[in-house]
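Every chain is named by a letter (A, B and C) in the order it is written, and numbering of its residues begins at 1.
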Amino acid sequence: MTVTGSRLVIAGAVLVACLGAPLVIDQTYQLNVLFRVFLFAGLGVAWNLVGGYTGQLSLGHAAFFGLGAYGLAIGSGKLGLPIPVALGLAIALAVLVALAIGLVAFRLRGPYFALATIAFAEVLHLTAKNLPDVTGGEVGLQVPLIFPPDAPSRWFYWAAVVLTALALAITALITRARFGYALLAIREDEDTALACGIATTRTKLHALMISAALTAIGGALYGSLFLYIVPDQMLSVDISNEIAIVAMLGGAGTLLGPLVGAVLLEIASELFKNLFQEAHLVIYGVLIVVVVLFLPEGIVGTIASALRRRRGRA
Amino acid sequence: MGVWSTAQAVLDGVLLGALYALVGMGMALIFGVMRLVNFAHGAFLMLAMYATYVLFERLHVNQYLGFIAAAALLFGLGVVSYRFLLRRVAERSDFMQILLTLGLSLIVTDGVQLIFGADYRQINFPLMSTSWRIGRLHFNAPWVLSFAITAVLAVAIYLFVMRSRFGRALRAIAQNRYAAGLVGIDVQRTQALAFGLGLATVGVAGGLLLPLFYTYPAVGEQYTLKAFVIVVLGGMGSIAGAAIAGLVLGVVEELTSLFWGNQWALVVEFAIFLVVLSVRPSGLFGSQRA
Amino acid sequence: MTALLAVDGVSKRFGGLLATSNVTFEVRRGETLFIVGPNGAGKTTLFNLISGFLAPDHGVIRFEGRALAARPHVAARLGIGRTFQIVKPLKNLSVLENVMLGAFLRTRRRADAAARAREVLGFLQMEAVADLPASGLPLATLKRLEIARALATQPKLILLDEVVAGLPTGEALALAALLQRLPEWGVAAVAGVEHVMQVVMKVAERVIVLDRGALIAEGAPADVVRQPAVIEAYLGAKYKDVIG
């Protein structure tokens, strides 16, 4: 069996194991924690396409996350569409907004890109707060339950696992294809990418749109689990930061990095919340500082680099 | 909405804008001149507000003198933060700077929340309710006082950065770090002091904002974003540009509040920010350096 | 026959500096043209104009008869390949993957791109480093990598920006010998910028000389170097010995 073949088998086995978890873990609280882990893993992998592989640091992904949830809620509630259609609408909306954001923001270099993404997300955030007729304003909006009501936590958990698997599969396929090389080239040196005939803006837009679609699905799931959404929860800077940090902690630009980052961060977060209560954000901040200073490539990235250097020497 | 309401809004905007100008000038020093992306800007401003609060409540320091201590505190913190933390990422990618300062911001914000709780804090002093009138325009005393001090300090900072040897060294580093080192400038020391100065400026703003607004741990975030908006509007590296942009922002904010309501103020600011970024990334006064 | 590349009255200004001043010349199929001139003469600016990275303020650049827009990726697709004076390897990729990036311009399939990349690396005698990461390699190798990547895009015109600069003479001449074989790879014309006169004399069929943005001489290398204007601007007495 080839390397790829054996890797696929391992991946498949892991996937089956994850899907089988609810047979062993039954309590709602634990399933919800696991849901959060896999949700942010999926969101991190989606972000990684743009932030890690293409090197475009987006700090406004909450826009897509929130659009997913609000699209579902408004489509199903105000517009009375069936849930799958509303979901499709939400994703389409996120993709369109990604296009709009990208057209403006990708012309900017360096930190200006990040700032622009923050600005876009905040505009959406504040607009959601200010248009109560459309979005329920600060009071919020109801979200339909998209899964059978008898054991919803299980379904949400499975959905999150599937989302993560889907995001990973897409990323893996992209990185092996021409598109993936183009993304890496854009990250490393845009001039070189251009000189190789890569339409850099169009490529970046495609990556952002794919990322947005996946993120929107995540947002819809999250909103549906809580059955109720408010702008401060779904469209805030905190969500954008958390997604980026998950990917960066684990290793931006690596396939499994965001997965590791999500596991670590979400579980640590839960632990800290229980153990440290108030101080958990301080510890979170310290964690980020430590990683930036000592593990800039993230956990998986640092391990991968170390392995590469070993191989180089041998 | 009569002419006088509009005029009042413009006036209030200028008074507020002076404080924004200070916040912006601090950011212009840090981001514009040092090219350091500082997402902890607002958190430090919040810290200054709390420091002034504590000085007022516990030590009965006059609310219009507290800013001096706040500025000194932030200067020290700035130098220390740069020396031990930020220096390590100053040469690295913006990504790293953003993340590091984000982490710092979290630590500061939540640290304050741990100590003081999340409640809004406000100080009360006799001058608060005093207000003067010229024609149909009201001048609220605390605002005027804050404005006056701010204006003097803003000019002082501008002159310092533009005329002093230190300021020249700083601008030299901004233009060409390597060459600056070659002509004998101690780059690391200058940058540390500059970061301190940038934060001290923010400290003054924070200290002077406290008599006017209430404060709470999360108040800093909006100021970070506004600071970036101001710096982009004013043009990279332009201290004077940031000052003017700050005034403009204040006026925009008050006018928006007047005509559309306060909740749209930030939206309008960000919209302007995005428009400027797309159309003229070098800002209204800046040189080609986006 | 139409020239492959026609630069017509092109000027480019950066603020107070006139980097390119009313330059007109052609690159014909089958020829190897070198652009020489003192530092700051505007050679790299010219390359940036030809490869679409900059737009001229005045004048037109035509490739295969059609006017070029300032869109570098389009220029690449039309068949203008280039190297960069300051090497830009994609550090986190292997040498092979770097070259594959170029090959991907002409094929979607990874296997085909890899095969093409290996061929090109073979031609440039770089098989040994193909699977090494591009970071940490010596300058000489990186310069070859630039060429390999450009060559993998199957260019009709290849722009070589100071590819032998910084190399010891032996290596420079070895590389020059390889460059003379570029037509085997479907390259219709080679335009190079160089300072290293031994290479220019050996490889170039035609030379144009730039000085302070303007074109001051054009012709066979042996003729050009004798022209007083050129000697005055650039060469100096010691290079007279190179002309054999």
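By definition in this document, a residue touches a chain if its C-beta (ideal position, glycine included) is under 8 Å from a C-beta of that chain, and two chains touch if they have at least 3 such contacts.
Please read these numbers as outputs of a predicted model, since none were measured by experiment.
Farthest chain from chain A (centres taken as the mean of C-alpha atoms): C. Put simply, the chain nearest the middle, going by average C-alpha positions, is A.
Separating the centre of chain A from that of chain B, both taken as means of CA atoms, is a distance of 32 Å. Centre-to-centre separation of chain A and chain C, using mean CA positions: 43 Å. Work out the mean CA point of chain B and of chain C, and you get 49 Å between them.
Note for the complex: chain A touches chain C at residues 176-178, 181-182, 184-185, 188-189, 191-200, 253, 308, 312.
Chain A meets chain B in the complex at residues 57, 59, 104, 107-112, 114-116, 118-120, 122-123, 126-127, 129-130, 237, 241, 244-245, 248, 278-279, 281-282, 284-289, 291-293, 296.
Contact residues of chain B toward chain A in the complex are 31, 37, 85, 88-89, 92, 94-100, 102-107, 109-111, 113-114, 221, 225, 228-229, 232, 261, 263-264, 266-267, 270-271, 273-274, 277-278, 281, 290. Chain C contributes residues 51, 53, 72-73, 76-77, 81-82, 84, 88, 90-93, 97, 100-102, 104-105, 108, 110, 113, 132-133, 149-150, 153 to its touches with chain A in the complex.
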